[in-house]
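Next come two complexes, and both contain chain A; in the first it sits with chain B, in the second with chain C.
Entry: the complex of A and B
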């Protein structure tokens, strides 16, 4: 008997007993979904709605919640500290992610070459990404130290002035960007490498024999295959940086002044230091909204025009 | 334009030696066809000439200059890939403009060249399509066109007609041959089709299992095949091979087969005597050199009609004798009678066209 015949025979329930078994089967399958959906509701959706609710109350831990409507948001938008934090968060995101993408593409192309020892180099390059941000923050704080740090030591050895890394409003922000770039460029590199792996060899060979310049090869051959991985990299990195908390928190504690305080640090302070849960919830909702806007813009910007779409397999 | 010389080129892929000491020379402006069954190393040979594959050993010269260490982009060759390798996000027009824009050609010149190739390949209605919107045959024409818009030193065409229907293939075959002649650009053309090789080549390089079997003009290859492989590869239907012994009788030499005894043609006696070993020989005769008649003839072999295959104006007749099948091909008009199935007829070999091969070494003796 052919396979098809067996399948078609099995397709419909032949007897009432089998039909009942089939029904039980369907219910059994649905029941198996309950824990997953339950956990999702409990851990993601309930807190989300709860936080949206809380952001509409004046609620300090331990005291009674008072309905204030949009007052938390109005207070937030009239607070210069909020605007400073927003500006700094956006600055970090734009600067750090731009540098990461450019360097990531560069490293991707370099590491796409094959020679002995490349696997070792890859391991070393990807190492920063595997470290916990807390650890990274700690040892960079050491390295940026003005008295004991190796960074300023090397700068003075080169005859350059020592830089007050973590205590100057400008240099503290530069330091945060440097560390973020150091830790997350490998991530972009990884995605670029994946994209480069999907470029068909014969296209490159054809372009070589057609005597295309390096720029033509990049723009016409590689780029269509890099668009999608780069979109992913941009999205992940932007979302991550817009939520940035741990790195500046450990490196500078948000200082000097508030010059490295991101929105997340601001929210943390409202909640943990001032017990102002309603305000903290409002801030986190602002972050969610900003991320949504940025994500939408990015997706629209980088989704290939129909003409340039290629199947990359990613 | 360049003279291409391939000298003892070997290529290794992993453990396999896929090309073994290939040597041949293509004169400036010549169209050289590299032909052989699939997997014989012809594409590898082409890629080595392009510089895309590094030879294990051996040298490649353009105009007498060693190009082993010249980068592929500096060899100035145009290649039509078997996989097409069309730029997927460019239209047909953009695909063709790409190699011309790469060398900053003037706009008018680009348009002129593209228009010319468009005409040659009949792509007018499809110029603004993307490769994925084209059929296999159309994509192949785009691939061929992308090579033809250029004026390189050497054209490298890898099965440029492999995916075309028979009608278009025959037409493009003539078009490309004429264009190549007009441009005078040295061309290496890879194909597995022996008819195409015969039709197009000024010179043919026959390959099998990674080695060059014979290099020569289409006539040389057809009339004096160097070995059994070459003899069997060219011609439709292929050459008849009949294992024979050699016998001397009263000062004359004879081919002896259980079913017949034939005198060795006088012009071949010396060569056969010089070349013969004890392993026996194989007599080769092309179907068109086997004539059949209804009545007995001198030196004719009695055979039986086994299968009749009418062609347009020809008739291919399978003739059974002993446990062998002998194929004969003749113009229907010149046959003189209408063969019937199972009819007893007489087959005669044109003595000027008998080929003799050594059974052991498979090499041509006479």
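Entry: the complex of A and C
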């Protein structure tokens, strides 16, 4: 239904029937928007305001709340643990997401070939991202084990040294990145495949006839159709890694020596282990603000990309 | 030359598939091993399979936890699909005040970290005596699911030619009828994509589930986390339970696999 249709329907109802139709239209619009937005306000705005309030108190479950103003935030910003957690969260995000995007593009092209059995291969590749990060972390921990783990066994079979995964500050971080890449590269691949599916076939045929080089083909033909899906992948993956919790929680428990503790793990500990709700809320607000900044930047990049793609005749 | 390139391509595809398949196969193998075989050095590849781990898993609380997970995920997904499609259709067809702002706000809810809402939800649900109930998690999961549904479905509704809906209006369909009988059926691929992502999101979530449930409404991931802390690490039981929990998700992925890629192109891929 176009805008004009609505306007004509609502401008000057000549008969009672048309008036009734106009009224029904207003009710229809209310049904479209009001329940959803009402529920979302209840579920999102109320808790957020609440947690902003709590972050200004020294409040532990079971005891009285004491107003401390910005003290929680000041304590947080002077705590080296907090800065370590921030650094680690950003490290995970930058390293894991870059690898996922590069591999995702490569695998996308590999999966875009046509031959019998490709649908089975695609299915296998899509599986990891469907699984619970918690379960994935669990069985990778089993595989990374120092004594009976398969990963070190395979490394030594290849004549490489065994690696102290999960107990060495550096290798534990590498392990978290490996598992995140294993689970989420498929998501980028999926979006790349969706983008490749929108490339018009006549464009590709023309390029083949012109004997364009692979790089030219990628830059000139595929890229305009990949820009939007890749920015989406970047948005979802960055945000999800910035709030990463399950994977390091199960894989290493945040250790060794907090070297895999993300901001979410730090907040969880304050709340569950120390019952320090006010501090947990303060940490969570820092996460909210970081994520908001990243979302804003990426959405600003995405909107023109989407418009551009529509412009190219889609 | 062309054949060589083809073989290389197929080889690469098989290699990529093997990278993703191997860890999964290794868990499935582990689930059929005895305790001794699980901890054997070097790892054993050939052994006499046992069903003991599966029997143990079925005798524990795990089936109940899987049931909880399925109830919560299905309810939250249904609510989110209904509300999300309605609002997505609204954004796509009507211009309302501050539409852009509202759309961005709804998308940003998908980005909201669970850690930010877990404390207030805990306190509110405790006050309402809703801790450790299905309802609490169903509601909480609606937050991210509705946001995702609005966002994906809007892409699909935007791609539907307006002429089709205008023709239906001329045939005497009311706006709700146009939505139900014309727009929704045309956005099938979007519905499939939204459904699967809402389902897996709610089945797999851990942080909120572990904070808002204690026993009765415990979901499968929470149950698995407790197996690990209470009895040391029983890798056999954990592998069997993980395999059981993966089965519904794998079946669902097989069903919607063709819609998946199309769905992620937001209706642009024909």
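Throughout what follows, the second predicted complex is superposed on the first by the 260 of 314 C-alpha atoms of A that agree within 3 Å, B and C clash if a C-alpha of one lies under 4 Å from a C-alpha of the other, contacts with A are read in each partner's own complex, and residues count from 1 in each chain.
Simple rule for what comes next: a contact is a pair of C-beta atoms (placed from the backbone, for glycine too) under 8 Å apart; a residue touches a chain by one contact, two chains touch by 3 or more.
As the structure is a prediction and not an experimental result, all values here were calculated from the model.
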Contacts for A:126 in the overlay, against chain B (first) and chain C (second): which applies, first, second, both or neither? second
If you stack the two complexes on chain A, which partner ends up touching A:206: first (chain B), second (chain C), both, or neither? first
Report for A:214: first if it touches chain B alone, second if chain C alone, otherwise both or neither. neither
Which of the two partners, first being chain B and second being chain C, lies in contact with A:224: first, second, both, or neither? first
State whether chain B or chain C is in contact with more residues of chain A in the superposed arrangement. C
Which holds for A:182: it touches chain B only (first), chain C only (second), both, or neither? second
Just to be sure I read the superposition right, which of the two partners does A:78 touch: chain B = first, chain C = second, or both, or neither? neither
How about chain A: which of its residues touch chain B in the complex? 200, 202-203, 205-213, 216, 220-221, 224, 307-310
For the complex, which residues does chain A have touching chain C? 1-3, 5-6, 21, 24-25, 28-29, 31-33, 35-37, 39-40, 43-44, 46-48, 50-51, 54, 107, 110-111, 113, 115, 118-119, 121-128, 130-135, 138-140, 142-143, 147-150, 153, 182, 186, 190-191, 193-195, 197-198, 229, 239, 242-243, 245-246, 249-250, 263-264, 267-268, 271-272, 277, 280-281, 283-285, 287-288, 291-292, 295, 299, 314
Across the complex, what residues on chain C touch chain A? 6, 9-10, 12-14, 16-17, 19-21, 23-24, 26-27, 30, 38-43, 83-84, 86-87, 89-90, 93-96, 102, 104, 106-109, 111-121, 123-124, 139-140, 142-143, 146-147, 150, 162, 165-166, 169, 174-176, 178, 196, 200, 203-204, 206-207, 211, 220-221, 224-225, 228, 235, 238-239, 242, 245-246, 249-250, 252-254, 257-258, 260-266, 268-269
In the complex, chain B residues that touch chain A: 50, 52, 72-73, 76-79, 81, 83, 85, 87-90, 98-99, 101-103, 130, 146, 150
